Amino acid sequence: MAKKLHNRARKAGMAPGTLLYTGTKKDQVPQIHVITYDKDNIHETSGTQLDQCLPPEKPAGTVWVNIDGLTDTKLIGQLGARFGLHPLVLEDILDVNQRSKVDEFSGYVYIVLKKIIWNETRKTFGVEQVSIIFGDGFLLSFQEQQSTLFAAIHQRLQNNQSRLREHGSDFLAYTLVDVLVDQYFIVLEKIGERIAKVEDLIISDPVQHNARLLYRLKRQMLMFRKTIWPLREAVSHMLRVDGNLLTPFTGLYLRDVYDHTVQVIDTAETYRDMLSGMLDIYVSTLTNRLNEVMKVLTVIATIFIPLTFIASLYGMNFVNMPELHWRYGYPAVLSLMLVIAIVMLIYFRRKDWL
Amino acid sequence: MAKKLHNRARKAGMAPGTLLYTGTKKDQVPQIHVITYDKDNIHETSGTQLDQCLPPEKPAGTVWVNIDGLTDTKLIGQLGARFGLHPLVLEDILDVNQRSKVDEFSGYVYIVLKKIIWNETRKTFGVEQVSIIFGDGFLLSFQEQQSTLFAAIHQRLQNNQSRLREHGSDFLAYTLVDVLVDQYFIVLEKIGERIAKVEDLIISDPVQHNARLLYRLKRQMLMFRKTIWPLREAVSHMLRVDGNLLTPFTGLYLRDVYDHTVQVIDTAETYRDMLSGMLDIYVSTLTNRLNEVMKVLTVIATIFIPLTFIASLYGMNFVNMPELHWRYGYPAVLSLMLVIAIVMLIYFRRKDWL
Amino acid sequence: MAKKLHNRARKAGMAPGTLLYTGTKKDQVPQIHVITYDKDNIHETSGTQLDQCLPPEKPAGTVWVNIDGLTDTKLIGQLGARFGLHPLVLEDILDVNQRSKVDEFSGYVYIVLKKIIWNETRKTFGVEQVSIIFGDGFLLSFQEQQSTLFAAIHQRLQNNQSRLREHGSDFLAYTLVDVLVDQYFIVLEKIGERIAKVEDLIISDPVQHNARLLYRLKRQMLMFRKTIWPLREAVSHMLRVDGNLLTPFTGLYLRDVYDHTVQVIDTAETYRDMLSGMLDIYVSTLTNRLNEVMKVLTVIATIFIPLTFIASLYGMNFVNMPELHWRYGYPAVLSLMLVIAIVMLIYFRRKDWL
Amino acid sequence: MAKKLHNRARKAGMAPGTLLYTGTKKDQVPQIHVITYDKDNIHETSGTQLDQCLPPEKPAGTVWVNIDGLTDTKLIGQLGARFGLHPLVLEDILDVNQRSKVDEFSGYVYIVLKKIIWNETRKTFGVEQVSIIFGDGFLLSFQEQQSTLFAAIHQRLQNNQSRLREHGSDFLAYTLVDVLVDQYFIVLEKIGERIAKVEDLIISDPVQHNARLLYRLKRQMLMFRKTIWPLREAVSHMLRVDGNLLTPFTGLYLRDVYDHTVQVIDTAETYRDMLSGMLDIYVSTLTNRLNEVMKVLTVIATIFIPLTFIASLYGMNFVNMPELHWRYGYPAVLSLMLVIAIVMLIYFRRKDWL
Amino acid sequence: MAKKLHNRARKAGMAPGTLLYTGTKKDQVPQIHVITYDKDNIHETSGTQLDQCLPPEKPAGTVWVNIDGLTDTKLIGQLGARFGLHPLVLEDILDVNQRSKVDEFSGYVYIVLKKIIWNETRKTFGVEQVSIIFGDGFLLSFQEQQSTLFAAIHQRLQNNQSRLREHGSDFLAYTLVDVLVDQYFIVLEKIGERIAKVEDLIISDPVQHNARLLYRLKRQMLMFRKTIWPLREAVSHMLRVDGNLLTPFTGLYLRDVYDHTVQVIDTAETYRDMLSGMLDIYVSTLTNRLNEVMKVLTVIATIFIPLTFIASLYGMNFVNMPELHWRYGYPAVLSLMLVIAIVMLIYFRRKDWL
């Protein structure tokens, strides 16, 4: 997070509308992928130059331009000019610290979402920004780096029975959002598994190491929550977008996505509550162990310290100590010690310390 | 929870509208139960095939189709086609991770609720999804497995004096919702009993085992809360459903259900607050016990350590130790020890440690 | 609470509108008390049968029917029939687990409130449900058992100069609500006194017993809060009741009751915050005491353990220990011990442990 | 607080509109102070009887009647009759447990505010109720006891260039409210100074005494917060008062007071958060100290207990202990002890305990 | 903060509209800087007297008057008269304890914002108030002391291709707000770096010093939060300002600033949650260490105390102790001791204390 904030802070003082990529994937060469489709035909091109891929005049049907990699600010500028985008939209596409949001402009809708991908080796998730712009007959999508996430949608588009082919760019936009929100369930599942694991560890073996695991998990949830929290508002805003850009047909599907986002947020909140309950149990277990340790020390010390005192007493070298000369002095002292020890043991047993 | 999330995560990437059962009751063979009734007549059939049970054309009166078991996605599809349901509704019926909600469609209302059943042997509750769809003259209900929950309603329907027979599918829908919400009171009562029990244990015997009981209870409440929380919004949404589908007569009854849901949520919140108060008392009891243990140790050690030192002193083997040869050296030392012990005891008594 | 929930749970599965008393005052024989009054006349009757007390046709002026005891469900049914009440209202009158609420029906308003009475011997409060129904020219009130709470209102009614006599059933309803809300101040005062007492105990003598007192007080506040919380909404709802049933004259008075409820809730919240501050101070006092105990132990042990070691050293029986034979060996060792003790004492004084 | 609640509780059961002073300043003889002013003239009278001070017919310009002392309920009644006030307003003037509020009546506005005055000797603040009623051409103000708070306003009124003289009773009301809210800043400053002082104490010397200071400060903030919290709503309500009673000119000034109240509440919330942060640091300091104490004990005990054991070993009186007769037995044992002590010291240094 | 509150409290009792600077930068001589620009021309003057810098009649285009230093209340008064500002606006410009806010007046908009500048040497941030007033053809900005913050805007203005030159005072106002909000990201980045550092310290070395660092950071976040929190409302208010003063063109840019403020608040909240998570881990680490210390003490004491007792036993001087004369008495006792020590070690290993 610090790194991204650093890039964001670097932007301070620049004129608004200055195009500057604030992310960390700086060596991704932008890949352009253009699909033009309607109910009957579909056509795909890809490359790194815009004019290679995009025909000069607007084709019939829907054009989907997907850009992987945001390092080429000139390319973003060209696209902006081509589709009449506001300079601030271009700036926001490149500023990957945006919160998820939906902004309506005249003629198009701008959607910022977060792609959350689980990284199995580092046991954490990565966050990338995805921008989606859709208007009448076109959809532009921007990702920070290449991924296979939209591959399934490409395939579905190939199938000319697919609902995607029958509906316009708003339905395609919905599909992309749906795919991104579905990823959140996968990440939540992974986090949920880790929580269950740490829960077992915390209860069975409350060592410092596990407290740190817990803390890291908590931080992870904090980040996850911060990332997904604005989503509800964004999708709810999208539901209220003006009817020319969003058909009622797509609206029904979006309502479904909205339900999913609420479900994700709900589960995240429950995880957060579980984690704070786990900290409580961890701390109480620590105190319990301390009690147990202290009881052992106290029992041992309390039994043997008086006995040692008595032994020391008869180890004194006074000339005039009559007991030392009694015939049964030694067994008497031993018996006394035994009685003291037994009384102590009974006392501790009564107190439930043994 | 993890298991259901897993099934949900499996769905990620599939096209919307794909029918996939995400629950765990996978070996339940779907049972179909159809009741057709109006004020004067009632007719029941049941089976496992839709066309066996449901006459091809819509009968007069109200048709109630109840499905127990969601493993046969084809059956769900047939029902959807028959009653003109939206593909997303069919998907949601099968995705049992939905939050409780009420969605209005043209011609019907879709209700998702949770059936919460107390399991006495495992001392916890199970959550299942119930979907209810009602429209003009029909009601469809879907449960994950067979249960006796709706049996009482069947009986009431048999009675032709019953209010159920006089009113349409919206009143039947209300009745089903009412039965489900009533279950929450039963589960709350069980949890309340367990809380009272753990409360006694925590206060009388604050051992680690009880802290874990407390933690498990807390988790249970967390799950219960997560399950019932969306209910308020769902029922309140149902109250605002368009007048053609919901008569004012049923509306009054629904307002009653709404009061019940608020009551359930209230009680659940109070339980949550009680549980967190119990943790506080548990931790303070632990610290109290630690204090008590340490006082015993300190009293014993502080009395005997100086005495043992004095005894050791006169156990030294210096040739030239005049006290050893005094006539009353031994009794003098014993008296000194007694004085020290008494002073210490008075000191501790003053400090209220004894 | 558990007991009432139990009775509530017993109702689950019954048809809505089933009349079942869910409270615990099961041996109260219902007492009926009817007062008919207008500006000039007043007439009282009482008994246990409805037809004894209530004239068959509606008299001029205002009729106030007060029922003490809810065990006779038939009586409730008769009243319902007589005044045209909805079956759900009758059910709610008998289900004493309702939250406080105000429901408008055509022709009458149904108010559920809680009577909170301080029990001085058990040092806690009891909660009972009071139902009030008022419409044009009549007011029905239902209590779980006989009480003297409404006696003052009877007396005021006798006085034909009283504002009560000049105004209709809505003003009588306001007066009943006002009397009930006034009781909350009395209970709050009692709880406030107990909090002040426990606060003194906690600070002066933080033993386990006091922590439990604190916990019980906290639970009490939780119950009080749960009971009064819905009141604000209920009274605010009452303020918005349709003008035919509630005159603007009474509205002004109700606004005053609304202010009182907010004041009660405010004070209850402050008490809650005070109680949680008291727990903090209690736990920190415990830790402080532990520190003090440990300091005593550490000072004593740290001074005498090295001294005892030295004494033991010269208690060894080695043949060849030259110091033992030195002339000033014994005084030298004693001096060494003194020096060590003094150094230790200075060290502890520096650390502020003495 | 308990005392005031007691007086409030005493009122329970009385008829609404009963005039009863619920405060504690019972020996203040009410002082009446009347100022009649317009742009050109100003006239002052004062006394203890209403007819002495107030001319029988309404004078031109604005009349300000200020009452210091609420013990004479008859006087309040006379004023009420004279200015046509609602009985509930009179009751509220005397019931000094009101929350701050603004109520609109036909022809006048009733404002309840709290005067918070810092008491330097008792290091706390006192709360008194101030009631302000303003209508066309008159303003009544009621304080529980005489104070110099409004003296500055008297002086400003004498100056015929003052804005006060040009504007009506609403601007005078604004000025009174402004003076009261300004007092809150003074009290906040005092509390802020005390918080800074306790913060220093807590960090430098976390003894029990300081924890109690902290707790008292917390309670003080709780009371302050409870007192000022309703202010925001009250002033915001005043801003929406009907235009005949409140001119837009005064409205602009009131918006300024509103900003001040929000600022006061903001600062109070920040103080509250600081206090709870201070408790955390206090408790963690205590635990830290405990750690330090225990480390000293452990180091000393762990070094000397084994050494003492060895010394005791060779203090045994077995006849057959060859080591005792070895020539270098004694130095060998001393060396062994030295080695053990050094090893222990190195171990503790490694653990950073020394 | 205390200092500023002190200055604020000094104002209490003064007539509203009294001009008094409540800040701490009292030796800054006010600098006036006037820029007059339109699309084609730009003209700059600066000085310390208003009439030197500002031409007597309103020039064409936009006039930007920037004042650095608020000590000359007369100057503020002159500006107020010149641009027709309300007396309360002038008072608020000088009272630097205002919350961020946007107030609409007829003919102009008054914006209060906070300039937050990171101070690298003191590792904290300073807060200053910036007031911006814009109306048709003019913008006034007031800062407490000179800074280079607006220098970049001066430069951009020089460039006659700049969007600033094409648009009016509302766009200039937006630009100033944008520059101020951008500063918050810089401060957040610095705080974020410090949090990361303290996080490392807390986990690796939980000493008291680090707890205080944490506390100071927490206090810093509290202040930061208090400062930025009102910003969201202020900017959102600005978005709703009447269309004559704020063009839709500028509105789009402001929406962008709004997104940034929400982002800043979001990040600040996340930091706050991280800090409270860090306190938890700190306290649990302390308890863990205490456990570790106590285990060492207990293991050592529990092993050696019984052994020392046995040794003391055979150090007693009873005449009649047969064991002392046994041939293998000494080795037998040594073996017994060894067995006891080994048993203890096994016991502790089993308990996982070693």
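We just call them A, B, C, D and E in the order they show up, numbering each chain from 1.
Note that in this section contacts are C-beta pairs under 8 Å (C-beta built on N, C-alpha and C of every residue); 3 or more make two chains touch, one makes a residue touch a chain.
Note that the structure is predicted; figures quoted are calculated from it, not measured.
Of all chains in the assembly, those touching chain A and also chain D are E.
Note on chain B versus chain C: their Cα superposition corresponds to a rotation of 70 degrees, in steps of 5.
Counting every residue number used by either copy at the chain C-chain D contact, under half are found in both chains.
Here the spacing of chain B and chain D, counted between their Cα centres, is 41 Å. Chain A and chain E, compared by their mean Cα positions, are separated by 26 Å.
Residue positions 283, 287, 290, 294, 297, 301, 305, 308, 312, 315-317, 321 of chain A are each in touch with at least two other chains. Viewed as a network of touching protein chains, the structure reduces to one closed ring of chains, two contacts apiece. The chains touch one another in a closed ring; read from chain B in the direction of chain C, their sequence is B, C, D, E, A. Those residues of chain E that touch chain A in the shared complex are 152, 156, 162-163, 175, 178-179, 182-183, 185-186, 188-189, 192-193, 196, 203, 252-253, 255-256, 259, 262-263, 266-267, 269-270, 273-274, 277-278, 280-281, 283-285, 287-288, 290-291, 294-295, 297-298, 301-302, 305-306, 308-309, 312-313, 315-321, 353.
Across the complex, chain E meets chain D through its residues 1-2, 5-6, 8-9, 11-13, 15-17, 86, 88, 91-92, 97-99, 101, 103, 207-208, 211-212, 215, 218-219, 222-223, 226, 229-230, 279, 282-283, 286-287, 289-290, 293-294, 296-297, 300-301, 304-305, 307-308, 311-312, 314-317, 321, 323-330, 333.
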